[in-house]
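You will see chain A twice below: alongside chain B first, and alongside chain C after that.
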Partner chain A sequence: MADKLVISTENEAFLARITELSGETITVCDQCGTCSGSCPMIAEMDVTPSQMIRMVQLGQREVLDSKTMWLCASCFACTVRCPRGLDVAKVAEALRQVTLRKAIDRINIRAIPADELAELPQIALVGALRKLTG
Partner chain B sequence: MRVGVYVCHCGGNISEVVDVERVAKAAGEEADVVMARDYGHMCSDLGQKLIVDDVKEHQLDAVVVAACSPQFQGGTFMSTLKTAGLSPYVLEMANIREQCAWPHADAPSEATEKAIDLTRMSIAKVRLDEPLVERTMPIGKRVLVVGGGIAGIQAALDLGDAGFEVHLVERDPSIGGRMAQLSRTFPTEDCAACILSPKMADVPANPNIEMLTYTEVESIEGTLGSFDVTVVKKPTYVDSATCVACGLCEEKCPVSVPDEFEEGLMTRKAIYVPFGFSVPNKNLIDASVCLRLTRGRDVCGLCQKACPHGAIDFDQKPERETFTVDTVIVATGYQIFDATEKAVYGYGRFENVVTALQMERMIVHAAEGNPIRPIKGRVAFIQCVGSRDEQVGNEYCSRVCCMYASKLSQLLKRSDPTRDVYVFYTDLRAFGKGFEEYYKRAQSEGVKYIRGRVAELLEDPETKKVTIKAEDTLTRQIIESEFDLVVLSVGLCPSEGTEGIADILKLAKSPDGFLQEAHPKFRPVDTLTEGVFLAGAVQGPKDIPDTVAQGSAASSRAIRLMNQGEYALDPIAAFVHEDLCDGCGLCADACPTGAISQATGVPTISEALCTGCGICLSACPRDALDLHCYTNDQLLAAVEAALKEGRNGHGTIILVFADDTATYRLADNVGTGKMPYSTNTRIIRVPSGSRVTPKLMLRAFELGVDGILIGESESKSSPYAGSVEAIGRNVSTVRGVLESEGIDPGRVRFTEFVTVMLGKFVGELNGLSEFAERLGPIPHDQRETLGRNVNGKLFGA
Partner chain C sequence: MTSEKHNAAQTLEKAGPSKKTRFPYYPGCTLKTTAQNLEASALASAEVLGIELVELPRWNCCGVVSSLADDDLIHHVAPVRNLIRAQEMRAAGVVDGETRLVTLCSMCFNTLKRSNARVKESADDLKTINEFMYLEDDYDGGVDVVHFLEVLRDVGHERISEAVKAPLAGLKVAPYYGCTLLRPKEIGIDDPEAPTIQDDLLRALGAEPVDNPYKKVCCGSYQIVQNRDAVADLAYDILRHARIAGAEAMTTCCPLCAFNLDRSQREIGEKHPDHEPMPVLYITQLMALAFGLPPECMRFDLNYTNPKALLLSTSLAGEEA
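Let's look at the complex of A and B:
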């Protein structure tokens, strides 16, 4: 049997938290799927961007277990095409923040040898520090 | 001046709280009051007879009734005065039931003080009431209908059949509008041309309709009952009396251009007939492409040689025609969304991407056995192109695309079941009669609906096939599939002609760019300009039945004004104190309805056009503008009367200027609900809060009020265009002056209300009252300085 979705006040609290972090009115998404159809990383994602938004609308914390917001390249294709004017990339960023604010470092910048640091593209470094350190 | 005052017990409703005898006694002590009584039921026959008898016996020339709200019994007592031989406009009502007895039932002594104040205010105002007579204006039976689509055709035919004189103006060379281009109509699948063409033919056949095609409205001046219209008839270069549309000219014409009627899918010649069943069905020359007309007299001229009737006339000039009408119906329709604006769909770049209107034409020709181009294999419809899309600036739903796509898709499927037809949609809207059934029929014919908005299209450079990229949001899978033909279900936008006619008639637009109706529920085809009506898609996207209904509705609303042969004028209109006017013309600039015209000297005000909003009063630096029934002197006298006993034991006095549409009725509703609020409030009824000039507010502060609340109907339901903005400006002006005088600007407030916001009304009133209590009264010397400085601060010296 399919899983039952229980919507409780905790779910509302999760939606409220992501709404506050992103500054976006997530409830206006009407699930047209333009974001998913526009996403260059879609092939790698376990949850499509529109599904990610839906899970946030319903307050499903399980969305935090998905890879989607970590795969988001912040290209803003979704944001510029959203017919409801929702900044989808900002919502993805808010979902990352929920984890990042736990201040867990997944990489140790000091452990990277200096010559490798010099070789690595700056943008990759900035992205890695933003996404993978608390 | 002899005033009679009548204080009603309302069978105990009032007298159980308010000491009505004290009110009558206090009223009797006011100047000019020769008669002051209290009585059980003033609205009863006996109560009214009391007034009629007193008027005769005591030669009263004005009457105050202190009773319920004028919203309930104002009309009754106006009739009573008429019976007594007085003008119905020398009546004032003091609302001591809804504003005293009911909300202040738990504070009877304050309720009585307030009732005395309200009665004094009414006496002060009635002393200055003008004995206005209700005037009527003669009105004829002439109508201008702008736009010859199905809305305009319906309106014109209804009016013509009812015996009204109609001028139907259409900018295109034929009437018929967009409906003429359609294949079939949903959900019944009538052939559009077959049901439309007889109606089109009825127009020139109707003796009461003058049909002016290929004609544009240049200007409309004037008001209800006398709109002076100037139209320009563009030259067709073909004598319509002799042309028989034989087509010999077209055979010879060397110029081919895209055919508008065929949405550019076919070509026509520079000399052409608009379409097969066009009305009129005559040739015309497109001057922008004709070789003779663009290059010179000695060029080409083949059509002229070919015409056996000598109908071609290159010397035709634009003809100006002027006529006068009594009412105007605007039916300028819509145009389809320009799909090139949605660049990701490749319209105009990709060969196999067409609009739904092009598909209509393709289906018409295919059904006639002359396909324009083959429609083979796999076809996809993309919904909401230019609708519900903030990225192109259109937030609204176009209402017809779901159903026309369901129609076109099943017509395609039915004529060739081997076609694969898909509809990519976000929400399927099938709200009309028979729509849901029709949608189900499309599904049962095998049309597949995919729930997902298409993100982008890619064209194969070799095969020219188009790949659609979208999410099926129901399975969360990304679709990338190839189609032979993609149809864009384009939305409806305001037509090009709408902009021009809105400027000419000064009509308001809603945020979506369509024209704004006077009231969204009760006046759906009226505009805020008296005598001007809307019909069809000019007001917003709609389907054919709704459009036709509006055509008939607009004609009926126009007939309502014209049928009696005369039109009653509302006496609440602005007027000019000629001795004060210096002819500066600022009032004419400020008027939102164009009621004031001023070339030199004293302006003239059209009573028919003036809505009585009072916005012009604030624009006049010399107090020359005034409003009948609510003059500056009257309102100031009422304020003075409210303050006669000082603050009457209260710390402060709060004045509420309540607009008649929302706030005054809201105060009545609060009273009826017996909801208490601060007893130091004195409500003054005004047609609109925009009547309250900065000067009036400042003078009220000078006289001793401690706080002012202006209540106005929310802009979307207000009958007064621009009132909310005008009040905003006035209040900020007043705040500026107060601040510069060291007076707290928070003492003046402005709130938009609707009649059911009971809690909000009480909250705002109590809030302002508490605020003023905390600050205390404005010191006497500050008020005096304010009084000295008012004019200088408002109008600079």
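Let's look at the complex of A and C:
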């Protein structure tokens, strides 16, 4: 017998939280995979963008343990191509925010060697700090 | 100002209207540091076309990336504060009622335009932000954020061609668009899947634009800070496909794309011995070159992959470059 997928109230609450943060109707995704096929960072990811969306639909908090939303460069290739009009980049931002709003940072700027830090343009640093620190 | 620069401007003034069009201009942080070559070449080229970009007084960092969380208004404050500066400049009569705010950095463009769109769409959000910045005049939603490439498109590529003194004949250039000029759709300045705005400008300058499918694939953006290898891999693909298509150089309008594509060639060279260095230029540098402006307007010394050999080989470098 096939395993039965049970959606608990915790699962529903997680989907509701990400829906609220992203402002997106995440349930419209029908898993066509266009976002994954468009993602420039997919080679680095453990969970593809379309899998990430599926996990959010099912309210699976484990998605927060994946690298996916931290590798997103907010390039909006997925956003412009989604045939269902879902702004996948906003969902990734919402998933980052769940962690960052607990004041848990993804990067430690002090760990970057001084010579690398010195040559990085400000837009790289400010962009990374905005997306990867709380 | 050099005599050469004067001459180019005077030539155009004789041919066309002599009145200068003044625009409020937002530079952004990076144009004052690693991308001084973008600013210098754009301002000088604009002047040749009778356009003066008047820097906003007291501008502040736009935040680089737009806040995407629905409930996060605080990160729209910095962009909107800059829009208030543009509004003030117009009210002071400095820019002849011009409502457009011109940007050069693609990331600043995207962030300012997205915040502007949000407060134009939501009266509630605008009210909240205005109340938060109670020491400022209220923003009235009357500013339009544009990119310099759009201003050039409005000037008309025919008129730009007329200003060319040293056509970039024979130079095969891959225009790289990246993300923030094109996406999302409602913010982008061109077709997000088939952009041509840089191609058209390159053609007007006498260069030969080279098409390739990687021209709108992200270079990795701010991931350079935590993930240099992944960015180098992306840059390798982007540069390699431009090379395969026949390009000798690449152009961009984004100081972060420029850094990722140009600086990463150091790592790419170590990892891929077959990599042939490719100059990555701001499109405005090529425009200044084609307009016959002096080297201090191009600042090729700030490009990591030195373009001088290429430009000399195509007799474009000019006597001093």
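The criterion applied here is as follows: the second predicted complex is superposed on the first by the 113 of 134 C-alpha atoms of A that agree within 3 Å, B and C clash if a C-alpha of one lies under 4 Å from a C-alpha of the other, contacts with A are read in each partner's own complex, and residues count from 1 in each chain.
We take it that a contact is a pair of C-beta atoms (placed from the backbone, for glycine too) under 8 Å apart; a residue touches a chain by one contact, two chains touch by 3 or more.
Computed from a predicted model, the values in this text were never measured in an experiment.
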With both complexes overlaid on chain A, does A:Gly23 touch chain B (first), chain C (second), both or neither?
second
Classify the contacts of A:Thr34 with the two partner chains as first (chain B alone), second (chain C alone), both, or neither.
first
Which holds for A:Arg130: it touches chain B only (first), chain C only (second), both, or neither?
second
Which superposed partner A:Lys90 touches (first chain B, second chain C, both, neither)
second
Which holds for A:Leu71: it touches chain B only (first), chain C only (second), both, or neither?
second
Quick one: is A:Glu44 in contact with chain B, with chain C, with both, or with neither? Answer first, second, both or neither.
second
Which of the two partners, first being chain B and second being chain C, lies in contact with A:Ile112: first, second, both, or neither?
second
When the two structures are overlaid on chain A, which partner does A:Val80 contact: first (chain B), second (chain C), both, or neither?
both
Chain C versus chain B, contacts on chain A by residue
C
After lining up the shared chain so the two structures overlap, which partner does A:Pro121 touch, if you call chain B first and chain C second: first, second, both or neither?
second
Let me check the overlay on chain A: which residues of chain A are in contact with chain B and also with chain C?
43, 80
Which residues of chain B touch chain A once you look at their complex with the stated criterion?
344, 384, 388-391, 426-427, 451-456, 469-473, 476, 478-479
Using the touch rule from the top, collect the residues of chain A that touch chain B in their complex.
30-38, 42-43, 47-48, 50-51, 80-85
Spell out the part of chain A that touches chain C in their complex, as residue ranges.
20-23, 40-41, 43-44, 71, 73-77, 79-80, 87, 89-90, 93-94, 97, 106-107, 109, 112, 116, 119-128, 130-132
Residue ranges of chain C touching chain A (in the complex, touch as defined)
28-30, 33-35, 61, 63-65, 67-72, 75, 105, 107-108, 179, 182-185, 192-193, 216-218, 220-228, 230, 233-234, 255-256, 259, 263
